[in-house]
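These are the structures, in structure tokens.
First chain A sits with chain B, and in the next complex the same chain sits with chain C.
This part shows the complex of A and B:
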């Protein structure tokens, strides 16, 4: 397996699109439940936890960019093979694939569950699952550029939801934030850790680096994307904490969705139903980007055709959707994925950095001694 | 091409698997009334309407007994040819018995049901909820579901009664330092009307407050944008200004009606150990009506008026807080202020119930009369 993966120019994208990819993939479903998890740890200082989380993410981005810049046009799969050798490198790559499959499955199940709870309690899960998987297969067959295009378009089609938070924001009780700075540093850090599921997705940068046309300019859009995610999460968390009492917030599974229940217009009495439906557009880019990542990585690692992989994961997803039904099991599944995600997305790059630097130095010294 | 056609057909056909709700077969519940009857059972009264393409919308009322509200809904289904759905529920009325026992067992299930709207109203009644709904249903001059909803909705929008939405009730119930209130509905002349306000201790109805006390609770717990208040102030300082005696026998007081009343309040905890609260209330208003003919001229006289009104409001507020302390109900939310000012562990409900009777509140009311009609 080649360490560097050269992509044909007609398959590449401009670095500018990274902003939308990062923002979209991070927002996803995590943001719907995140305020509750953060609040459980940090209480009224939840917003500080979000900010700390944001700062950590920026550091991770810096680390990832340094790692990637050490190579010409490599992705994480190639880098792992370069650093750890073929066998361990490929094994780690497989772990990545399994993890991404877990993320994909958990978000699909989570979304189907939300639709069941809010709109169609009688609808069997396989039905919506089949509809979504059909769409995923159809889009991923179009390749990476189509996936990015969908991400870009859907961002603009769904961003307006954000502005409707003004109504719950108007009803905020500022006393909920006082007294400030009561949480201990430990609680704050645990709060940031709980925000993890919403920060998952950053690792996509490790995979799509070879597809970027102007590689020198990647820092700006990625940082902007991470900053926007942080701001979004911050706004949603602050409004949730202000809007709900602490007891309510600690028990709501999707506080961000419940907030939309307060919005009411003469022609649309139940705005939350629109939000649930519209949310398909927010998470659909996640589905296709993750599904594409799996097909691409399997091809890179084992040379299996992308089509075959795609049909296989489609089947596996459907099976998963049919068998995982209980709310408690789903929550546990998501929590596990979130914990693994924290290690893979945040801790792992930091561990990888010194290894990559040492390896590069060794290579250079060898070249010199020759 | 073949594949995309296949996918397209799948997409179209799969949609047919989603359960349907033909609107003609639905009974849309708009109001429910919940009463406790013997042996822990609940009697639930449903007011629902049916969309009839040929005629006017018809509403029906039916009541059933079961252990839970949902169970009652299932039974009510048996008594009707329609499928009852609760997505349009706008008002829930609670009878005296269940309100005194505690509403949380019922309301907790409301929060669990995503179909229910957070903006629906809650109300209590001294009679049974069934009474109210049946009376409204029998009265042919009103349409029960619209009348009852608008009775509350309009009065809240005009700031005559206080908060009563489901969201606010749950919010205040869950906040350890604040208690909910609900409007009380009674029937008079075969017509449901709003009378008084029910004060809750957590989820239990413990006392009743008058309309005017309700006004002062709102004055302290939120703000007015265009409120109205009728107030009796002392006659004595204005004796010399009265030009024509009114025909009432009240020799001590003049009634003043204030309208377009705009208020702001600020409550602060001055001393943690002594539990001293300071409440600053700013009111801007307009004098609409005075029961005696008084010529208001010049700044001084207006100041006199303002001072008298301030004094009266302060007294009323003092009485109100004393009454609330006596029954240990805190609809104003002093506990919230305490909790958000004092550092350390979170305030519990029990702790606040012990502290609340001994808090001291001092009022600083500031009234400014902006206008007094078109004559001087």
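This part shows the complex of A and C:
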């Protein structure tokens, strides 16, 4: 397997799309439930936890960019093979694929569950699942450019939802934030850790780096994307903490969605229904990008045709949706994925960095001695 | 040109010389003995001359004034060369094969044969019936040029030359059709149009093998990128000013003989909602109208399915006062909302279709009878609710604002699957349906260029040419999406110079 992966110019995208890819893939579903998890750890200082999490993410981005810039046009699959050798490298790549499949399945199940809870308690999960999977297959068959296009266009089709948070923001009680700075550093860090599920997805940068047209300019859009995610999460967390009392917030699974419930207009009474359906457009780019990542990685690692992989994962996803039904299992599953995500997205790049640097140095020394 | 079977006679290359009787018989034989071929035989200075033509295919006046006048009134011993020399018609050609000569006769030529000579002559003096230039019917405008294309390619090219009187204009000729042949012209500006686009279009036209080409709308379906899609990928227009505007921005036009519509390629999804009137209007009004059309499209696609979804599954979305009046008006209706909506949509489509098929005078009556009487009666009979009539009528009305009739029809049709899915699984179905259409649009291309330009791939500079309009002082470039060879229309600084008190 080649370490560097050269992509045809007509498949490449401009760097500024990275902003939308990162923002979209991180926003997903995590943001709906994150305020509660963070609040459980850091209480009224939850916003500090979010900021700490944001800073950590920026550090991770810097690390990732340094790793990538050591190579001409490599993705994580190639880098792992370069650093650890073919066997371990491919094994690690497979772990990545399994993890991404886990993320994909968990977010699909999670979204279907939200729809069931808010709109149709009676609807069988396979119906919505099958429709979503059909759409995913149709999109991914179009290739990477279509996946990015969907991410980009759907961002503008769904971003307006965010502005409607002004209504609960108006009703915030600022006393909920007092007394300030009560949480211990340990609680704050645990709070940041709990925000992890919403930061998952950053690792996509490791995969799509070869597809970027102007590779020198990637830092700006990626940092902007991470910063925007942080701001979004911060706003949602602050409004949730200010809007709900502490007892309520600890018992709400999706505080962000519950806040939309109080918005009312002369022609729409239950705005949260609109939000839940419209959230399909927020979450859909995640499905597509992750599904595409799996097909691409399988082709890169094992040379299997992307079409075959796509049909296989579509079948597996449908089976997963049909069999994973119990709320406890789903919560457990999401928590596990979140923990693994923390290791893969945040810890792993930091460990990988020195290894890559040492390896590069060794290569250079070898070349010199020759 | 399709090759005619060549018959070899006596091992010679030429079918001539022949006697008059044999020639007459052979020509008749080739033309399946039609009664319209006329032979005129003259004897001048002991030379027998035969003039023959198909009666209705030629210009009689030219025949009399130029050909017969010259031959009959001069006392010369005619030969083929002398006729070519003396007759004042430019396009005389020598013919040595009878079948080739007959092909010319069909195209509107007159044949002249001097007995004993080794070849005959044909003069093309074809007469072509055509209608005069008229006002545009399907794309009617309030402002701007009113003239529309006709079925005659020569007239259409003449109109285009009139508008684009530059030596830069290329009109490449293609002959398409195996059985019935049609002339197709690809029109573009040499120093502006993108070479790749021109090459792609040329390739598609050259590679096209069909029996015959009925119309340009059919040609556009043959050469489209995605033939399974419901959306048209090339803009079809009958307005010369619209075609010339597009050509002037570096795009390619295709004209087909016998068709009054021209093809503009490449076209983007958003260009189907642009009207030339947006440019003739002042920029702010033009922007308003353009945005109005996008809103209209959104209403047309979304409103009825949302109504069906809300009334079937999500009563809780509707506020109580609205729900009460809605319930009141729906109280008599025995059907579920999906049947009710489909029934009314069908009614509206029937009205539209019958209005389009009937003569204008009857069509208006049908509109009134159908629209007012049927609608009122349907409500009073308890078949539909008042609210739904308003919803369906407004969405039908909105769909007619699309300047392209084909795009308007496509939008009306995609409502039906959306209504059905809304009736089956509610709002989430509507959202997924809209997602599907957007994904479909993102996947599509027109002449190899993304269909959703300039939204994706995103192009900031082109926003003012597709979503809204800016005053001409700010917008001085051609749209970058189609990558013309020259971007600038006029210098920006000069356009921005203010002539006011400072002079």
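Keep in mind that, in the parts below, the second predicted complex is superposed on the first by the 370 of 370 C-alpha atoms of A that agree within 3 Å, B and C clash if a C-alpha of one lies under 4 Å from a C-alpha of the other, contacts with A are read in each partner's own complex, and residues count from 1 in each chain.
One rule holds for everything that comes next: a residue touches a chain if its C-beta (ideal position, glycine included) is under 8 Å from a C-beta of that chain, and two chains touch if they have at least 3 such contacts.
All figures in this text were calculated on a predicted structure; none of them were measured in a lab.
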Partner chain(s) touched by A:166 [first = chain B, second = chain C, both, neither]: neither
First, second, both or neither for A:120, with chain B first and chain C second: both
Which of chain B and chain C A:323 touches, first, second, both or neither: neither
Chain B versus chain C as contact partner of A:302, first or second or both or neither: neither
Partner chain(s) touched by A:131 [first = chain B, second = chain C, both, neither]: both
Touched partner set for A:149, first chain B, second chain C, both or neither: second
Partner chain(s) touched by A:139 [first = chain B, second = chain C, both, neither]: second
Which superposed partner A:281 touches (first chain B, second chain C, both, neither): second
Common interface positions of chain A, toward chain B and toward chain C: 120, 123, 127, 131, 135, 138, 264, 269-270
Touch list for chain A against partner chain B, complex: 43, 117-118, 120, 122-124, 127, 130-131, 134-135, 137-138, 173, 175-179, 182, 244-248, 258, 261-262, 264, 269-270, 272
In the complex, chain B residues that touch chain A: 4, 7, 10-11, 14-15, 17-19, 87-88, 111, 114, 117-119, 167, 170-171, 174-175, 336-337, 339-344, 346
Complex contacts: residues of chain C adjacent to chain A: 313-314, 316-320, 322, 425-432, 435-436, 438-439, 442-443, 450, 452, 455-458
Interface residues, chain A side, partner chain C - complex: 14, 16-17, 115, 119-120, 123, 127-128, 131-132, 135, 138-139, 142, 146, 149-150, 152-154, 157, 264-270, 273-274, 276-278, 280-281, 284
